[in-house]
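Next up: some structures, all given as structure tokens.
Two complexes come next, and they have one chain in common, chain A, joined by chain B in the first and chain C in the second.
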Partner chain A sequence: MVVHAAELKQAAIQGLTHVTGADGLADFRAHARDTLAAVAFPDRKTEDWKYTSLKALEKDHVRVLAASTDTPALPDLGGTQVVLVNGQIPDLDSLALPAGVIAQPLSSHQDKATTDMVGPFTALNGAALSDGLLLSITAGADVDGLIHIVHVASGTQAASAHPRLVIEVGSNARVTLVEHYIGSSPILTNAVTRIDAHCNSQVTHYRLQSEGSEARHIGLLEFELARDARVTSFQFMQGCALRRNDVHAVMAESGSDLRMKGIFLARGKSHIDNHVCVEHRVPNCESDQVYKGIAGEHGRAVFNGRIHIHDGASGTNAELSNKNLLLSNTAEIDTKPELEIYNDDVKCAHGTTVGQMDATQLFYLRSRGISEIDAKRMLGTGFVNELLLAIPDDAVQAWVTPWLADALTEGL
Partner chain B sequence: MLEVKDLHATVAGKEILKGLSLSVKAGEVHAIMGPNGSGKSTLANVLAGRDNYEITAGSVTFHGKALAELEPEERARLGLFLGFQYPVEIPGVSNMEFLKAALEETRAAQGKEPLDSVTLLRKAREACKQVDLDAQFLKRGVNEGFSGGEKKRNEIMQMLLLEPTLALLDETDSGLDIDALQVVAKGVNSLRSPERAIVLVTHYQRLLDYIVPDKVHVLSGGRIIKSGGKELAHELESRGYAWLTGDAAAENA
Partner chain C sequence: MSTQAELEKLVKADYAAGFTTDVESDTLPPGLNEDVIRFISAKKGEPQWLLDWRLEAYRKWQDMPHPNWAHIQHPPIDYNAVSYYSAPKSMADGPKSLDEVDPELLRTYEKLGIPLHEQEMLAGVQNPTAPVTGSSNVAVDAVFDSVSVGTTFKAKLKEAGVIFCSISEAVKDYPQLVKKYLGSVVPQGDNFYAALNSAVFSDGSFVYIPKGVRCPMELSTYFRINEANTGQFERTLIVADEGSHVSYLEGCTAPMRDENQLHAAVVELVALPGAEIKYSTVQNWYPGDEEGRGGIYNFVTKRGVCHDNAKISWTQVETGSAITWKYPSVVLRGDNSIGEFYSVALTRYKQQADTGTKMIHLGKNTKSTIISKGISAGRSQNAYRGLVRISPRADNARNFTQCDSLLLGDTCGAHTFPYIESRNPSATLEHEATTSKVSDDQLFLCRQRGIDTEKAVSMIVNGFCKEVFKELPMEFAVEAGKLLEVSLEGAVG
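Let's look at the complex of A and B:
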């Protein structure tokens, strides 16, 4: 049964009555509840959600989960692991973090919990938040190894988890962060992550979304870059029953540099929607976005890439490219670039394409004895290979490459 | 080894091969010549099993098996190799990764023991050397940015590694300078043996000075209209095709 957007919202609000959380976040939660009450849930007529419906959500999916004690098998990337099961922050005192990294409950700094973007799901996350995780990288620290933040979705019933992660990277600090979403549960993960890169800091960020096909995931990822900050973000995402990612990056001070590279896959009946927006608010910043999508069977992928260059942002250099590969004619990919440019002194380029697997290439490989499935896998990985080869951390590359190769081959 | 009998085939619905017969035995080298558009590449593609190339009548057997029932990769594993007239570029897939997959799957199907990666790399380097191709080409995307001649040498390099029993080389000599032609010919000759056969599609008698054929065929209008010994190639070189195709006007011109 398809639940109407208004009913879903009603269920979400009702579900909050038993939610309790850290006292330090009481005002924040109350404010979020007000916001939630005021905003509409998206339906077919909401422009931003034109290609993504909430039909994969039942009323129960907005029911907030109780804490879980599940301890699933975790992927090992050799870094320092911080595990959040269904959004619950772990016992922070027992974490063995590398020098320069401080973990605190977000409730200890309520003022840092806010985000720039507030939609219905971000509001729901705030309203349902028992506590979030605040990671601070001290100024000047050169953090050893990866900080591997694993979000586990656990449980067999429809319900929701609302992780919120705030990461502050101090001036001149250097850090590599991995946000990793796993689990075969059908619950809705409604995640909010905000990363503040302070002056001249250097952040390598990975977002790996490898939950199973039954998962529902709605996520907001925000970046704010201060003077001369450099952020490189790799986003590798597998489709599921519903996946919607909003990435919002703000070039807030001059000299900042953002590179985002993403691969998204929609196979089977899965759905994945990426809305990426980069805002250049000040002069002389650079951003470069390269996203590649693959959809097969009845998979559905959506990409919306927006570059917003404000009036004062002269000397901006912004690029965005989204190339897509369709593996079957029952799959669908909708891609749309949006440019809003209010300054003449900028360099801005964007391009989007949707193509099919090249029959001549496929035949060439098969004519050398390579099976059709392997040939398709090779062409599929070949299509995204430049992005995989760009991964600077060997352990991440070694994990991501076979994962995507398998996800590509599955069902072929 | 290869028996083609009264083959009719269509490309995208259009009949191109119209009753073609050809018999190739182990140990032989055949040359197929013929005017542009006569169906030479079509024959090669039909034999290799390309999509949209459909056999509508007649039969093709290879090592006694009906080719029509086999997938392209099964034909390759049975020992068929097509050297493409226009090898396609595959960015993102490295030549080495490609060769590894091709050799692994072909050898497994043929019951040969797998090659460890050190041996594989050594063999690939040797094959490159044999066709005068820098080993750096193994790291590049398959044919990506290769010059015309490099692409052709890459085809021969693959052939040397795959050791097919039947090599069908579609204009492998076109676009090669004289040195490259000799290199390619040497590579092809090194594969010649009593168990193997080679079919060369070419427009130039010159290649046949280096790879001497046992038989020469003229393909025109989708059929073999004349077969002969190596001297036929010389005759075609001096007289063209008109005397065979019945185009009297062209011959007298």
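Let's look at the complex of A and C:
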């Protein structure tokens, strides 16, 4: 495995030679390339990648993909659609954006492209970036409808796409964002998204990941919350050949409030790994996370939820709940809720369970003439329903509900 | 009231076991190489196979990287600055009975409150057939630096067929048993410190409980580091044969010194079908002073294997050591076996603890319970690190884990790193953790009833640990409660 990781890294660096693009990012790219050269690709000995191997990646997967002109069928959630095919930003002038939203190429604001966390794949994203998308919500704007950002993975051969999205939500602004990943191609999507919520802003964020089973996805999602900012993030994720999501949220100023709710599924032979870290750096912030996982057949679901409370962060209230359903004894669930606390004036709790469908509940439904498949689907839906019902936007709920029902019955 | 004066006295007397004993000792110069291992082995008159076993461990150890994954920080340890063997000189010829033991040594144990003298203790057991009760019924093996200085109640235990002696004696007297089980649970190359221990282990206790025997009394080992610049590497092996039962206690202290001393022990438990082993530890090695100077580096590997219907229960109260790195584990190999882990870890000053357990479920219908209570004060760091693994074969496995942390002061840290790996859909696992400080409401209630803050905090902390203390044998529970109280003196501002 160590050999494989080193070879991948070598291939990634070699694959960068033809990367060109907007000149505004030249320094950023060069810096990312240096970082990439300095960090090792993870192998099984890397603690953060203990349960996820890169063996689903071939050397071709780190080859940077040329632009594609495909226009696949897109899901319609209403609102404004921004489509990135294989990480390439669209023609920004032709976008019809609602009032208060400004789209710019990231190359015009190189300084905003940086992230807090820099791992090998984030560095690869930076080094391979042709251009990113910077969406700014002007201060005080109350944006109408959803902003539906669709990432399409297109292509039939192993290669990689590197989308980078930076969203700045100005003070007192309100916005609903949907990050939607689709496509049935075997390419590696190595995505980086950063959302900055300024003072007293309110962000509702959805992350829908429904790529096909052949897809490879490695993604970093970063939040930074300023004073009194409120962020609610819903994450619905389906396993694929390799899916690794890192979510890193920083409570940077007092009074901020973060809620994250997620459902992750690993059915068939799929793999999904979620690493979520919430960092409380300042006093009096609140965070609440609820994640539910389901693994069946040969699937493997990994969850690592970390709450880090710095020594100055008194008055913190942080909670994490991770419940998992294991449907088969060839599937596996690995969960690790971590607390790292350096302050006494806090209220912190986490809870984790791993269990199966309750035999008595199943019997109850069967005894009333409900088929086993239906009964299992009902119990599965019941398990995640509280998160489905919490979705405030009807269009998203209408998309998630059947998608989840399909995912739940798959293989039953 | 002279509370202030009393408090000061208590704070200063906080580490009561911090004295040194003036006995002449036979100490090997610092350094580690194959000759040192040969010397230790020869000194103990060990058979060739054991020397080979040690050398193999040493060779493995040399190739192992120093582990750095734990949530602890310490300057690199120079393994060549440690002396690997130290024995009180008067032990050189081996005492025939306790009467021949250096009275200075016996006084040490007396000071620590461990009565070694059988005669005194026998006074409590006039009728040997009567059911065993009371604190006087504890057989003790005392380990001073590298050697066992005496084991009490040997004869009485022998009547029941129980073997309880130092591991050096066991190698001579029961080589078959030792050869069969030594390293069967913690192999030589298991981890860095276990490999080091396997190479240089000097003494420790050996227990064998024959089939169907319920050990008539509590067995206990008391470890004491005395000599400066030495490390203590003891090895304990407990084998409970089919259907037997044993309760084993372990206590440790060391003098107050400015330099750090190394303690790397290995404990192996084997619970054969239907057997039950209860292993309790009160660890009170010198924790270092307020500035973090001195103290014991405690790197311990403890593991037990449960066969069918067997049960292993670990209970630990960890108040000492500058660094604690310890994960008593249970491999639930047999069907219907049970593993338990109850722990209280208290850290203060600049102590660092990274402790927890591993429960490996391999058999069907296996059950495990983990209750861990961490208390941090001062500028200490206290981490729970645990692993619960359910293998695909472990149908209907069940685990419950609870780890609670209590923070006293805003400069300490409490951390939780639980690994949960499930590969069987019929298994049920639950994990919950909370972190909080002593609640103002509880404090107010106590203060209102005329209980001073110090006492109130101590009461609340005691209540916080109750679930674990009730698992300890009675004499130990009292000691543990007192230890906690003393450790907390002055920690509450």
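Basically, the second predicted complex is superposed on the first by the 409 of 412 C-alpha atoms of A that agree within 3 Å, B and C clash if a C-alpha of one lies under 4 Å from a C-alpha of the other, contacts with A are read in each partner's own complex, and residues count from 1 in each chain.
Rule of thumb we're sticking to: contacts are C-beta pairs under 8 Å (C-beta built on N, C-alpha and C of every residue); 3 or more make two chains touch, one makes a residue touch a chain.
None of the values given here were measured: they were computed from a predicted structure.
Aligning the shared chain A places chain B and chain C next to each other free of steric conflict. Using the contact criterion defined above for the overlaid structures, shared-chain residue A:Ile370 touches chain B, although it does not reach chain C. In the superposition on chain A, A:Leu379 makes contact with chain B only, while chain C stays out of contact range. Once the two complexes are laid over each other on the shared chain, residue contacts for A:Ala103 go to neither chain B nor chain C.
Within the superposed three-chain model, A:Gly355 lies in touch with chain C and out of touch with chain B [touch as defined at top]. Look at A:Val39: by the touch rule set out above, it reaches neither chain B nor chain C. When the shared chain is aligned, chain C comes close enough to touch A:Asp334, but chain B does not. With both structures placed on the common chain, the touch criterion links A:Asp311 to chain C but leaves chain B unconnected. When chain B and chain C are set side by side, the one touching more residues of chain A is C. In the superposition on chain A, A:Tyr342 makes contact with chain C only, while chain B stays out of contact range. Here the smallest spacing between CA atoms of chain B and those of chain C, following superposition, is 14 Å. Chain A residues in contact with chain B (one complex) as well as with chain C (other complex) do not exist. The touching residues of chain A, counted against chain B in their complex, run 358-361, 363-372, 374-375, 378-379, 381-386. Residue ranges of chain C in contact with chain A, taken from their complex: 69, 390, 392, 405, 407-437. By the touch rule above, chain B contacts chain A in their complex via residues 48-51, 71-73, 75-77, 81-82, 84, 87-88, 90-93, 97-98, 101-103, 105-106, 109, 141-142, 158, 162.
Across the complex, chain A meets chain C through its residues 47, 51, 311, 314, 324, 326-356.
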